[in-house]
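So, here come the structures, one by one.
Each of the next two complexes has chain A plus one more chain, namely chain B in the first and chain C in the second.
Up next, the complex of A and B:
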């Protein structure tokens, strides 16, 4: 029977099934300091061990400060959470990339970077953006702390089989330097909605997906959860295999595995998806979010919508848009390019990889940031930071007035010292514009690294298609 | 299960407003509870009573996988969330840890229930009785596996 890529990975990991449930084997379990402490407590209480310490990797990312690492951590509760992870990893025998490790970074940046993420595997982590790893053709999804404990103890997880959802992005982008992977995924979510993928696994397909680099595919898969799907997949190809080759944690028989992956990890030509959605890449413009969820997005050439026009006759949507505009302090009809900014944040598991930094640096080079703006750049990992410094990107950003920080989740989620103050408006390359996400009362506009960089110079959003980006 | 309703007439109530990021560092569940719903309702912890139900729109619990969200609601006293639909990770976390019941309701039910209504939920009959309005609503039965995990009192008590 013809199968989709998802079904092939699923079938090869089912340990046991029946009565509408499946017990799924987990190939890689990534752990961080925020969603794991209670899971380890549970193991201790029930005198259980970690079943596969060799398949479990930990790092610190959510609440690490991104300032000078030689200084003590001022926030005692954060310091305690990091200490607790250190103690737990030592006690249970798990490899940890701690705050001083050269491998430290955002969990979804370091997994692929270290070759822990592999095609055809199942990957879980106590973080919803685990969907990122799907860029490698891995079935990767976020779990809560109870499931973290269950996977630590058993290396398995109970699941009901999700449905399949094909997302086709056909054709070519008109200006690939200005219209990025971030604009593709924001356009998808804008059209299918934040719950459009609930209960499904996305598979991104089509020419515009194939032509993306691995790092761009990660940006797309990262935000699958923002479209309601727990995971998103891209079928692995030569780019995938080349990206991973030679990385630290890949298996010894890598070349043999590549042969197998090349042969097997793709959706059969006559396989059927439960749902399908098509977007034409040449219709996509640079996107800027105006509201308080990632579907509330508009073209940069557009205006802040009127709630009744946005709602298209749906009273609930109209109410939501009105509330969102109130929170965001925006007037309907305002040109997006007239929105002035206080802060710019380039970072997060969505957009903090080397390519993101290179693209942003092209715009920043030789310019100064607007005097009204405070801008931060937070590389996703220590490796990204080091590579960027070798390319001299740190100088470009610092000369322009950017803060060049240490790796971590930083201002994506408001649980470390990098936060917005109430009333501050930020162009952010992160993934969520929820109320208070970047700090209580802070206002987030989701954009690509290119848009964030351009906005940092001008002090407001600009149509990046008009810039010389080559 | 009897309790009164706290209603939020909105969709997409995300886990960042259910339990904002800065509080993810708190390990004491009763402390967490003091910050439940703080992102959209600063008075929630003052008005919530043990046994209360939250009623909300579509895609409740979207966003982060933080189990702190259902934990904070549960330790505030919330026994069930009645929503038009749920984001899957929140739903799963609520069931796994036996923190609260995530119950999907129909559009008519959502519209009919008002803030402060007294409800009695009988999952065995797939029914909600609105004592205040003297009416009953049907609810969708839980899928088989989820029903069993709920009956067992959470993932770790569930024996396949």
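Up next, the complex of A and C:
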């Protein structure tokens, strides 16, 4: 029978079925400091072990300060959570990339970077952006802490089989330097809504997806959860195999695996998806979010919408949009390019990889940031930071007035000292513009790294297509 | 886990769509390393003023709802972050059931794992419940929701029904399948395409 890529991965991981559910084997389990302490406590209470320490990897990312790492951590509760992870990893025998490790970084940046992420595997982590790893053709999704404990103890997870949702992005982007993977995914979410993918797994297909680099595919898959899907997939190809080749944790039988993946890890031509949505890449403009969820997004050439215009007849959505405008301090009809900014954040598991920094640096180079703006770069991992420094990107950003930080989740969710103050407005390359996400009372506009970089110079949003990017 | 058999209470109407887990429990409270004590921080930014005083106009703060065990809310509840702290906070506050037209996938799962029953109902039923002020009884065995005006039945996966009714430890249940898990692992170990 013809199968989709998702169905192939699913079927090859079913340990057992019953009662409408499947027990799936987990090939890689990634652990971080915030969603794991209670899981390890549960193991201790029930005198259970970690079943496969060799498939479990831990790092510290959510809480870690991004300032000088040789200084003590001032936030005692954060320090406690990091210490707890250290103690748990030691006690249960799990490899940990701690705050001083050269491999430390955002869990969804280091997984691929270290070759822990592999095509055709199942990957879980107590973090909703685990969907990122789907860029490699892995079935990867976020789980809660109870499931973290369950996977630690059993290396398996129970799931009802999700439906399949094909997202086709056809054609070519008109200006690939200005219209990025971030703009593609925001355009998708804007059209299908934040619950559009609930109960499904996305598979991104089409010419505009194939032509993306691995890092760009990660940006797309990362935000699948913002469209309601627990996971998103891109079929692996030569770019995928080349990206992973030679990385530290790839298995010894890698070449043999590649042969198999090349033949098998794709949706059969006559396979059927439960749902389908098509977007034409040549219609996509740079995107800017105006509201308090990622579907509340418009083209940079647009205006802040009126609630009734956004809601299209749905009274609940209209109420939500009114509330969002109130929170964001925006008036309908305002030009997006008239929105002035206080902060710029380039970072997060969505957009903190080397390519993101290279593209942003092209815009920043030789310029100074607006005197009204405080801007910050937080590389996704220590490896990204080091590579960027080798290319001299740190100098470009610092010369322009940017802060150049250590790696971590940072201001994407503001669990460390990097937060917005109430009333501050930020252009952010992260994934969520929820109320208070980057700091209580802070206002977030989601954009691509190039859009964030351009805004940092001008002090307000600008259409990057109008800049000379070559 | 405390079994869920039958509950009866007035429901708190939270008339919002797309409530994300960042609103249910903001990030500054995710640093605790236990599962308890999160109830006081539930919906923190909606419940309290900046100076920590209680916002009188937020529905959770109304005196008549203080002993409620049921939350009524709109579409796509629990979207965003996977933080199970959201379920812990709702449970700690006293909620045992949540009624909505839809839930985000990870949150939905997290509820069951903590003995909270999330129930999907139709738009019309939800609207009726929002308009009614009477107590609601939820009977898990019979799979019914009853108030003064209506009785409707709801769906639940048989596995979750059993776990909730009996208050079972999920991991202990899975470990009964240890032989099958080992069999899967052995097959992997002997495969030239081994990844685990």
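Points to keep in mind about this one:
The rule is short, and it goes like this: the second predicted complex is superposed on the first by the 470 of 470 C-alpha atoms of A that agree within 3 Å, B and C clash if a C-alpha of one lies under 4 Å from a C-alpha of the other, contacts with A are read in each partner's own complex, and residues count from 1 in each chain.
In this section, a contact is a pair of C-beta atoms (placed from the backbone, for glycine too) under 8 Å apart; a residue touches a chain by one contact, two chains touch by 3 or more.
Predicted model, so just to flag it, every value in this text is computed and none were measured.
In the model built by aligning both structures on chain A, chain B clashes with chain C. In the overlay built on the shared chain, the residue A:145 is in contact with chain B and with chain C. For chain A, the partner that touches more of its residues is C, with chain B and chain C as the two candidates. By the touch criterion stated above, A:216 is placed in contact with neither chain B nor chain C. Touch criterion met: A:251 reaches chain C, while chain B stays clear of it.
Of the two partner chains, neither chain B nor chain C is touched by A:430.
Using the contact criterion defined above for the overlaid structures, shared-chain residue A:456 touches neither chain B nor chain C, since it reaches no partner. Where the contact sets of chain A with chain B and with chain C meet, they give residues 16, 19-21, 23, 34-35, 37-38, 42, 46, 62-63, 77-78, 80-81, 126-128, 142-147, 149-150, 158, 160, 194-195, 198-199, 225, 228, 230, 293, 316, 319-320, 413-415, 432, 434-437, 440.
The touching residues of chain A, when paired with chain C in their complex, are 15-16, 19-21, 23, 25, 27-28, 34-35, 37-38, 41-42, 46, 48, 52, 55, 62-63, 77-78, 80-81, 84, 118, 120-121, 126-128, 141-147, 149-150, 153-156, 158, 160, 162, 194-195, 198-199, 225-226, 228, 230, 251, 253, 256-257, 260, 293, 316-317, 319-320, 413-415, 422, 432, 434-437, 440-441.
Listed in rising order, the residues of chain A touching chain B in the complex are 16, 19-21, 23, 34-35, 37-38, 42, 46, 62-63, 75, 77-78, 80-81, 126-128, 130, 142-147, 149-150, 158, 160, 194-195, 198-199, 225, 228, 230, 293, 316, 319-320, 323, 413-415, 419, 432, 434-437, 440. By the touch criterion given at the top, residues 9-12, 14, 16-17, 20-22, 24-27, 39-40, 57-59, 62-67, 85, 87-89, 92-93, 96-97, 143-146, 149, 154-156, 160 of chain B touch chain A in their complex. Residue ranges of chain C in contact with chain A, taken from their complex: 15-18, 20, 22-23, 26-28, 30-35, 45, 50, 74-76, 79-84, 87, 102-107, 109-110, 113-114, 157-159, 169-172, 174-175, 177, 180-181, 183-185, 188, 192-196.
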